[in-house]
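Chain lettering (A, B, C, D and E) follows the sequence in which the chains are written, and residue indices restart at 1 in each chain.
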Amino acid sequence: MLTVNHFTILSAVLFSIGALTVLIRRNPLIIFMGIELMLNAVNLAFVAFSHFLDDMSGQVFVFIVLTVAAAEVAVGLALVVAIFRARENVDVDEIDMLKG
Amino acid sequence: MPLMLWLIPALPLLGAIINLLVGRRLPRALSSWLAVAFMAAAFGVAVSAVANLVALPPEERVLRETLYEWIGVGVGANSFSVNVAFWLDPLSAVMILVVTGVGTLIHMYAVGYMEHEKDYARFFFAMNLFAFAMLMLVLADNYLLMFLGWEGVGVCSYLLIGFWYDRDNLAVGTDEKFLSPRSSATKAFVVNRIGDFGFTLGIILMFWTFGSLSFAEVFPKAEEMFQIGAPVITVMTLLLFLGATGKSAQIPLFIWLPDAMAGPTPVSALIHAATMVTAGVYMVARSHVLYSLAPTTLTVVAIIGVLTAFIAATIALVQNDLKRVLAYSTVSQLGYMFFALGVGAFGAGIFHLMTHAFFKALLFLGAGAVMHAMNDMIDMRRLGGLRKVMPITFWTFLIGAFALSGFPLFSGFFSKDEILTAGFTSGNIVLWVVGVLTALLTAFYTVRAVILTFGGKPRWKEGEVVHAQDEHAAHGHGERGLHPHEASPVMTIPLMVLALGALFAGYVGLPSVLGANLFGQFLEPVFREPAVEISPTLEWTLIGISTAAALIGIFIALRFYLGDRETPQRLTRYYPWLYRLWSNKYWVDQIYDYVIARPGRWLANAFWTDVDGKIINGAADGLGRAFRNVGQALRSLQDGYARGYALAMLIGIVVVIAIVIMRP
Amino acid sequence: MDYGAFVEGLVFYLFAALAVLAALGVVIARSPVRSALALALVFLALAAMYILLNAPFLAVAQIMIYAGAVLILFLFVIMVLNPRLDIIGARGRGQTFVAIVFTIALGVLLIATLASGQIAPTTGKFTPEFVASIGHVQVIGTLLFSEFLLPFEIASVLLLIAIVGAMTLARRERVPHAESKRDLR
Amino acid sequence: MNILGIYIDRPIVDFVILIIKCVVWIFALLTTFAYIQLVERWVIAKIQVRIGPNRTGPRGLFQPLADALKALFKEELIPTNADKLVFVIAPMISVATALLAFAVIPVSPPLNLFGLEIPMQIANVNVALLYLLAVGSVSVYGTVLAGWSSNNKYSLLGSLRAAAQLISYEVTLGLALVGVLMLTSTLNLNEIVDYQKNFGWIILPQVLGFILYIIAAIAETNRLPFDLPEAETELVAGYYTEYSSIKFAFFFMAEYINIITVCAIAATLFLGGYLSPLPFLPIVGEPGIWWFALKVFILIFVFMWIRGTFPRLRYDQLMNFTWKVMLPLALLNVLITAGIIIFFQPGAAQAFAR
Amino acid sequence: MPSDYFPLFIMLVVSVGFAAIGIGVSALLGPRRPTAIKGQTYESGMTAIGTARRRVWIRYYLVAVIFILFDIEIIFFYPWAVVFRMAAEFLFLEMALFVAILLVGYVYVWRKGGFDWY
């Protein structure tokens, strides 16, 4: 029998891997992918809880998250493209204008 | 049929949005007629809503419709919620019919009047938006939503007074200098803000006292919790009344209304005569439950009302600008309405509000037609003889003038008479005497305006080039000199319809000796006024007195301006101080300037240079320096690498989760 | 033996393993295209999870939007920019090491939290039987267009902003020779 | 929770039947692909007044077999600088998604064989239509990755063009089907066919939707006049320039199976699926599958006809066409359908009975 | 029910298996004699110049962005369409608002030349 823990633990593992991707990769595109991975992990948890609680709100929420993620990727990648065109470079470690 | 109250404000709003977004791209006729169409549609919906209302038995005549919860805080006993909800009872029914009905006519008139303006889309946008705000104001079922409309009409009024923001002033053909439209708009806005401040305080106090702002909750609670004369209610009503004096141009805040004439004439007609300025009257009438609990406030309201009526009437006597005469007469008539409210005759006040909307809109539109014909020249000293040139305008204007002066059997006669009767029976004989005197003055200056404008011989020459405002003249037809002509049907039809209203609107509220006061009965479920029983003899006497006042005023005016032309000048010579007093409007503007504006400016300067410059800036700079030093120290932690920050965040999250888990 | 539970478990562990391995692939793949491919596998595995969780509509939406649109956009950007193959690791090895340690700590803490918790008894009315009787898409549609109407409409505003934002950011310069090129046709 | 449902009663039998069905489906599709491709050569030859294949076997009937054997035995070439893993995976994605898409299409009413009722589709799922779109969007990967991994400029351009075209037309394709859903209120293909049993073919109220769908489908399958991605004159052969042997055959196979699939979807959604066009005719035997096949082949013939007749579009015309013409038309179709439903309520009884 | 989807899982396994077997068999049967020339990419018979790992036109990215947003629109349309009959007029208004807002973006893209391919 599968329980909610099966899915939430999988979700936790995927989330951690997503976080790791964000932290150790230098290519902003792959960092972005890590973020998508984290979002998906959370979605999985939502759907799992939604299923095991017999409540659909979680699923509708995931549906909305899909929309938000798509919009986010569209704009985020546009930023990457813009930065790349300005600096001919997509290494996040060389984009350090946040420096205080 | 489902209730569609929300449509009434929504339709003008839609029109406003369309004109805002695409109005400039649309053909001129489409853009302007669209605005008219939305107003007419709103009128249609309003009529059907009122029909629904009337179909109910009198005691149950309240229709409510909640759109959604606007603000909701807390649950249970201490919760506070404000809904976007509408409330239609006989009082708001009268208001929406006036606003949409008269509004539609004025919009239609404006199509002709604004024909040559380049910014017609902006104009109709603001007009429709104004109608939206005004309808929100009168349909709101709570004070906060009403305040939304209240502020909304203020903003629209600002936009419309300053419509010709690029001009200097409008006194065409004379050397008289008035405030420029933009200054007038600012003045109106600022003066209104003072009133609004009181209104806001009143609302806050109300919320503090009752925990609610909705009519349905506040009024029963007020009657339950407080005795007549309770100080809280008195303060609250006084504060609300301060708001009303701002919006409805009463002493001490009446000074903005005459300057508001700098806006286009349809604006003056719609906003500064028929609707917006009556918002204060409506608000006080709406809050009659509260006011009935505060006799002190009622006395204040009555005194302020009568004083305003009298003072404005005296100023109107000596104005040379036709629109300004009408503006002061508006202030004066609003004073009458407050007088009625102040003596507890709420129904009479609303009755006068309605008849006034008809005839004053009519008079303004007539004045507008004259301006249109005379290249914006509005100085009565240079008009005259227009009777032959513009017959329709003349006759309709004359009807409006008779209604305003209270000539028997015209609409204004009935409503004014009802107010005076109520004033007399309430026992305030002094106020009543001043009211009657004002009625006499009203009749005088009204007829004076008619004669100077339309009667006698022309004081202008055909083809004469008047000194017109530069770019306006270029858009109008000023360059070709004066060729007065009757206005086009799109302008005269509203005039005629309004004239019918000015003639017959009074017959719904006949005095008891002549018939039934249908209007009063209609409003009765709202106000629950006890009908004052007075003897027919007394009533006939009072009717006779007000008739006499009107007739005497008219007679003097005829003597002065048709017969012996020397009399006015002689009077001016004999009583120069009186003339100066009136023509300088009691120096109220100057007093405000010395008492408030200059000290204010001085104080602001002091704050700016000393307090702000030395104390606050010094403190801020010092703090800034301190932060900068600390920041320099911390700077080394911020290496600017996004992933470093992300890692720091992760570490923080891990630590927090760990702490949460480890905690027993 | 309960075949149903057996197959269910089999499918779950199969796709769970696929998801975790593919996710690791995202982290360690050298080429961004391969990372994207691995991510696509994660998305497919998650779609399978959604089916196991009786949410088939979300499963297809997941594939359509994430695999079919979002990742395609990634691939396009990779090809438009063609960044050089990059190496794992931050500027210093220290940061990578710390990151790995703390990510593992995060995972362990999350799992510990989740495993220790007990799910509340079901209260909702959307039991699998109920959803099956109406249809999953129908249920989602009904909810989305009644209870969640506002988020739905706001989503359109969000998408509008995204369109405008992406257009403005990515297309800063208008090709000056556009007209002349048009003439050449 | 038991996910296998019906399989509990007779799990092994059903499982075996399922495996057999999958294999049968794949081979049926491959055979159809092979002979359609042959037929197309004949048809195009006729249109272009040529002769067409006639050497291998009687009238060239063994030509497909010969092609298959050749593909298997040829040397496979992988460019030196290619990303080899991705290079190999790409054709697999293409062919697997093509095969997967067909799985939800009901080709006939359930068949009675040896006393077992066997549904004539691999999976009867409730989100079938979305599933088809989802599989379609995944198949884009095959194209993009093939072009990118080859490390060839023509291939890269071809694959980008192809992908841009595919995703652009996918929007219209998806929107063109919305009208059907509004009428039938379901995404399940069997239920859509049932709806047509009661209320007539959907093509009648959905003419515009059908036309839009067919145009988008032609573009989705990279057929002339929308075969820009593989335009020989500009891009050599587009994204599969570098492919040879079985991998090339896979792309070819995927393209034709996709043609079959889109035609089968059109037949199911708009032309009554396996239903007889003349329901009052006495039914002999189990004709559903033959009606279905007939409809699909007619549609495929239309595809061939169009290919033989129209010239290739220019790429800018192609993109303009979908975004500026097809997309508004598809929205218009939704609007029209909404109007039809609101004012005439066709098939209302069934929709509310469900 | 998840069990409805089990056949798709089997079909996935079988199709991928088919593809893998095809590649494997071909690799076994076909000859393999790679040379440097064979390993070159085909550029119309000329020697290949440079690598194909270069940047391509930004417009492809723009198409993909526009596609994403319209893909979302479609995925919203489908559940809408299947429940459309439940409250046709009301749902129509809801979707009309949604589409109207998106159409603003569509018109924006059109006006900005996002669909022009020159």
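Operating definition for what follows: a residue touches a chain if its C-beta (ideal position, glycine included) is under 8 Å from a C-beta of that chain, and two chains touch if they have at least 3 such contacts.
Note that the structure is predicted; figures quoted are calculated from it, not measured.
Minimum number of contact steps separating chain A from chain C: 1.
Shared contacts of chain A and chain D, meaning chains that touch the two of them, come down to C, E. Set against the C-alpha centre of chain D, every other chain centre is closer than that of B.
Seen from the Cα centre of chain E, the chain whose own Cα centre is farthest off is B.
When the interfaces C-E and A-B are ranked by how many C-beta pairs touch across them, C-E comes first. With centres set at the average Cα position, the gap from chain B to chain C is 58 Å. One inter-chain figure worth recording: chain C and chain D are separated by 26 Å, centre to centre, where each centre is the mean of the chain's CA atoms. Taking each chain's centre as the mean of its C-alpha atoms, chain D lies 15 Å from chain E. Among the residues of chain B, those in touch with two or more other chains are 641, 643, 647, 650. With touch defined as above, residues shared between interfaces to two or more other chains in chain A number as follows: 1-2, 19, 23-24, 26, 66-67, 70-71, 73-74, 77-78, 81, 93.
Looking at chain C, residues 4-5, 7-8, 11, 52, 54, 56-57, 61, 64-65, 68-70, 72-73, 76-77, 79-81, 90-91, 95, 99, 103, 106, 110, 128, 135, 137-138, 140, 144, 152, 155, 159, 162-163, 166, 170 sit in touch with two or more other chains. Pairwise, the chains that make contact are A-B, A-C, A-E, B-C, C-D, C-E, D-E.
Only residues 1-5, 7-8, 11, 83, 85-86, 89, 125-127, 130-131, 133-138, 140-141, 144-145, 148-149, 156, 160, 163, 167, 185-187 of chain D touch chain C when the two sit together in their complex. Against chain E, the residues of chain C that register as touching in their complex are 4, 7-8, 11, 48, 51-52, 54, 56-57, 61, 64-65, 68-70, 72-73, 76-77, 79-82, 128, 132, 135, 137-138, 140-142, 144-145, 149, 152-153, 155-157, 159-160, 162-164, 166-167, 170-171, 174-175, 178, 181-182.
Looking at the complex, you find that chain A touches chain C at residues 1-10, 12-21, 23-27, 29-30, 32-34, 36-37, 40, 43-44, 47-57, 59-60, 62-64, 66-75, 77-82, 84-85, 90-91, 93.
On chain A, the positions that touch chain E within their shared complex are 66-67, 70-71, 73-74, 77-78, 81. Chain E meets chain D in the complex at residues 1-8, 10-12, 14-16, 18-20, 22-23, 25-27, 29-34, 36, 38-44, 48, 51-54, 56, 60, 63-64, 66-67, 70-71, 73-75, 77-78, 81-85, 88-89, 92, 99, 106, 110, 115-118.
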